[in-house]
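Shared between the two complexes below is chain A, which has chain B as its partner in the first and chain C in the second.
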Partner chain A sequence: MDSQSKNTSASGAAGAAGYSVNLPSDLEYIPPLRQFVAEIARVEGFSKKFCFRTEIIVDELVTNGILHGSQDVHSSVTLAAKFEDGAMNLSVQDQGGTRQNLENLKRAVYSPKPPSNDKKKGRGLVIVQMLSSEIKIDLGENGQTQVHVVKTKDPDENQPQREKLLYESDL
Partner chain B sequence: MDTQIELQISDLDNVPHGKLIKFMGDLDATNVESTLDQVTKLIKEGFVQIVADFRNLRYVNSTGLGILLHFSKTAKEKSGCFKIANVNDNVYEIIEIIGANTLLDIYDNVEEAIASLQSRR
Partner chain C sequence: MRISQQVSSHDERIVLLHFEGDLNASDCEATSKIFQEIIDSKKYFIVALMENVTFVSSPFRGELMGCKLRLVEKGGNMVIVGLNYDLRERLIQMGADKIFQFYPDTHTAYNHYHWEYTQTAQVVSITLPPKLQSVPAVRRFIAGIAKQKGYTARDSFRIETIVDEIANNAIEHGDSSQPEISVELRIDRKKFELLVRNKTLMDKANQLKYVLEANKETAQTGDTRGRGLALVKLISNSINVSIDKSGTEVKITKMREDS
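Take a look at the complex of A and B:
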C-alpha cells in the first residue's frame, strides 16, 4: 500500500489511543485496516472476542461507506477510532451516496431486519447493530454521512489492561 | 490484493456427486467473487453433495455469509446439500446473529457431516 499515491494516511499516538485513517474507496484496503483496528484493541487490553467483533464492525461499516457512500473511485472514506474507559468509539465518514443510499442506510440502522434468505447482501448493518452498544448517523452539510458506533467491553470482561508498547518507558 | 482465501477441493469417498471443500483464510468482500465462481462451477458440474470444512476459516463477514446461504440454496434446488463443519466460535457468532444457523446445516466435524450424507442414500 503506497501511502502517498493512494492518499492513505494514519495517525495515532500511544496514550491518546485515538486513531484516524483516510482510505480510497477501494475494498482492497479493508482487510489490513480492520486488522489494524483489531490489533489496537488488543494492545489496549480488550479480549480476543472484543477484537474479533471490532474487526467485523470496522469491515461492515467501511464496506458500506465504499459501496454506498462513494460517488466514484476518487472518493475516500475516513475511519476514526478511540479507545478509552473500557469502550471503543468508532466513526466512519463517507462522501455521500445517492438519496436512495441514504434512505437505505437510515432504514438499516434505525429499523434493521435481515434480508430474505436468497439475497447475497444486506446483512452488514444487522451484524453491526447486534455487536454494538450504540449506533447513530450524522449527515454533513455537503451530503457526507458519518456513522458513529460505541462498543463497550463485553459484560464478562474485566477492565482492559493496556499493553505497554515497546517505545513507552516506565517513567 | 485479495485477502488470502484458499479452497482445497477433494472427492468424498463413497458419496456420489460429493466434494469436500476446505476453506482456509478469511472470507470477505475482496474474495467472495472468486469463491462464488469456484463453488458455483462445482455445483454446475453436478457435485451437489458438498461438505465445507471451516477448521481453517478464521473470519467471515456478511458478504461471505451471503454466498454461503446462496450455496446452500443452490445445492438444495438441485436435490443436494451444502453442509458446514468445524466452525470456530467467532464465525459461529456471526452466523447466529443473522439467523443463518437455522438455515445452514452445521456439524461439529467433517466425519459427522459426511455420515449424514451417507445416511441420506
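Take a look at the complex of A and C:
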C-alpha cells in the first residue's frame, strides 16, 4: 500500500497524465480502444457522461483514421490523450489518405454541415464537433493527418453551447 | 449483372471480383464458370466487391455458397465487401453471416486475410503514466483485444491476469521518478506476446531476475503478497527479463489454447 501511494503521488507531481496507443489500422481494435479511453478518463476524475461522450469521439475519429487515412494493411493509427486542468486533449494521427479524403476532412471540420436525411454517412465529425469544445487538423510533413480535439469538463452537466447552436442552425 | 475480375495489387494470391447490378438466378451459370476459372488458375482467395450490387437472389446466394465451399476445400476463402446496409441485413436475416464474412472495405478484408492466412503479428503499443489506477483499464483493453481477435474467454482472462501482474510490478517496483511505462503486445492467430518496459532500480531488477531464474517465489508461507510472478509463470508459456541501463524489459509469451 505504501508503494502504491508513493507512485501515485509521484506521477501526480509530474504534471499532466499522458497516455498513447499505437494500433494497427484495423476496425476490430476500435471497441476495446474506445472503452479504454473512456475508462482512463474516469480514472482521471471525469464524469460518466463525459466518458461516454469521449467514447463516441474516439470511435468516430479512429474509424475515420482507419477507413480514410490508411494507405495499406501495414498502416497504423496513433491516439494520444492528455488530461489536465479539467480538460482532455485528444489527438488521433493516421498516415494520411487521398487528397479527396483530406478535402472532405477539412470541410467537415471547418465548415460542418449535417448531410441530408437520405445520406447514410457523413455525420461522424458533426457529432464530434457537437460533443467537443475545440477541434483542429494538423498535417505532417509526410502526409500524416492529425486531428486534435479538446473536451473540457462540464461541471453542471448542461449541454454545451456548441451543441445548441448546431441544432438551431439545422432547424 | 456485370462482373469483372482483377488480381489484387496488394497480394497476387487474391482475386478481386467486382459485381454490379441485380444478381439474378439467370447469372448463376456465367458466375460459376468465372469462379471455376479462378480456382483452376490456383488462386483460392476471392474478395467479392459488391458496392454497386442492388439485389441478391436466393439462387445466386446459393452459387456464392457453393463457390466458397470449393475455395475452403482448397484452403482458401471468399469474403464480401461493401454490400449496402439493406442487402446485408436481408442476407444476415437469412443466416448468411454464418457462412460469409462481410467487410466495409477491401482494407479490412486484407487485414482479415493476413490475420487468418499469413500469420502476420499485429502490434499494439501503449504508454501510460506510472499510476496503479490506470492498470485496470490497460488490462481490460488488452484482454478486449484478445477477445476481439477470437481468443477464448479463458485465454483472455489469463492474458488479463498476466497484464495486471506485470504492469502492477512495473509501476510498484519501478523507479518512482520514471515518466511512463510502455506496454507492447504482439498478437497473431497462434500466440500472444507481451513486453513491458520500465525504469527500475538495479537491485529491484536483479531481484526480479533472481526470482524468475531461480524458479522461486518471493513469498513465505505467512506472507500475503509476492505470488504474482509465480502465477504468471504458471499461466504463460515463457517469461524472459532483460535488464540494461535504459531499464527493465519483461517479455511474456502465451500460446493460444485452441490454436
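Following the convention adopted for this analysis, the second predicted complex is superposed on the first by the 139 of 171 C-alpha atoms of A that agree within 3 Å, B and C clash if a C-alpha of one lies under 4 Å from a C-alpha of the other, contacts with A are read in each partner's own complex, and residues count from 1 in each chain.
Basically, contacts are C-beta pairs under 8 Å (C-beta built on N, C-alpha and C of every residue); 3 or more make two chains touch, one makes a residue touch a chain.
Given the structure is predicted, the values throughout are model-derived calculations rather than measurements.
A.B. asks: If you tally the residues of chain A touched by each partner, is the higher count for chain B or for chain C?
C.D. replies: Of the two chains, more chain A residues are contacted by C.
A.B. asks: Can A:P31 be said to touch chain B (first), chain C (second), both, or neither?
C.D. replies: both
A.B. asks: Which of the two partners, first being chain B and second being chain C, lies in contact with A:E55: first, second, both, or neither?
C.D. replies: In the superposed model, A:E55 contacts chain B only, not chain C.
A.B. asks: Please indicate which partner A:D72 is in contact with in the superposed arrangement: first for chain B, second for chain C, both, or neither.
C.D. replies: In the superposition, A:D72 touches chain C alone.
A.B. asks: Taking the superposition on A as described, I'd like to know which of chain B and chain C A:H148 touches: first, second, both or neither.
C.D. replies: It touches nothing on chain B or chain C.
A.B. asks: Output check: A:G124 vs chain B and chain C. Expected answer is one of first, second, both, neither. What do you get?
C.D. replies: Only chain B; A:G124 stays clear of chain C.
A.B. asks: What is the shared patch of chain A, the residues that chain B and chain C both contact?
C.D. replies: 27-28, 31, 120
A.B. asks: Can you check the complex and tell me which residues of chain B touch chain A?
C.D. replies: Result: residues 1-3, 26, 28-30, 59, 61-63, 65-67, 69-70, 73, 89-90, 94, 97-99, 103 of chain B touch chain A.
A.B. asks: State the interface residues of chain A toward chain B in the complex, per the touch definition above.
C.D. replies: By the definition above, chain A touches chain B via 27-28, 30-31, 49, 52, 55-56, 59-60, 63, 114, 117-124, 126-127, 130-131.
A.B. asks: Which of the residues in chain A end up touching chain C in this complex?
C.D. replies: 3-4, 6-8, 10-11, 14, 17-29, 31-33, 35-36, 39-40, 43, 66-67, 70, 72-73, 120
A.B. asks: So in the complex, the part of chain C that touches chain A is made up of which residues?
C.D. replies: It comes out as residues 10, 85, 104-105, 107-108, 110-111, 114, 122-134, 136-138, 140-142, 144-145, 147-149, 171-174, 176-177, 179-180.
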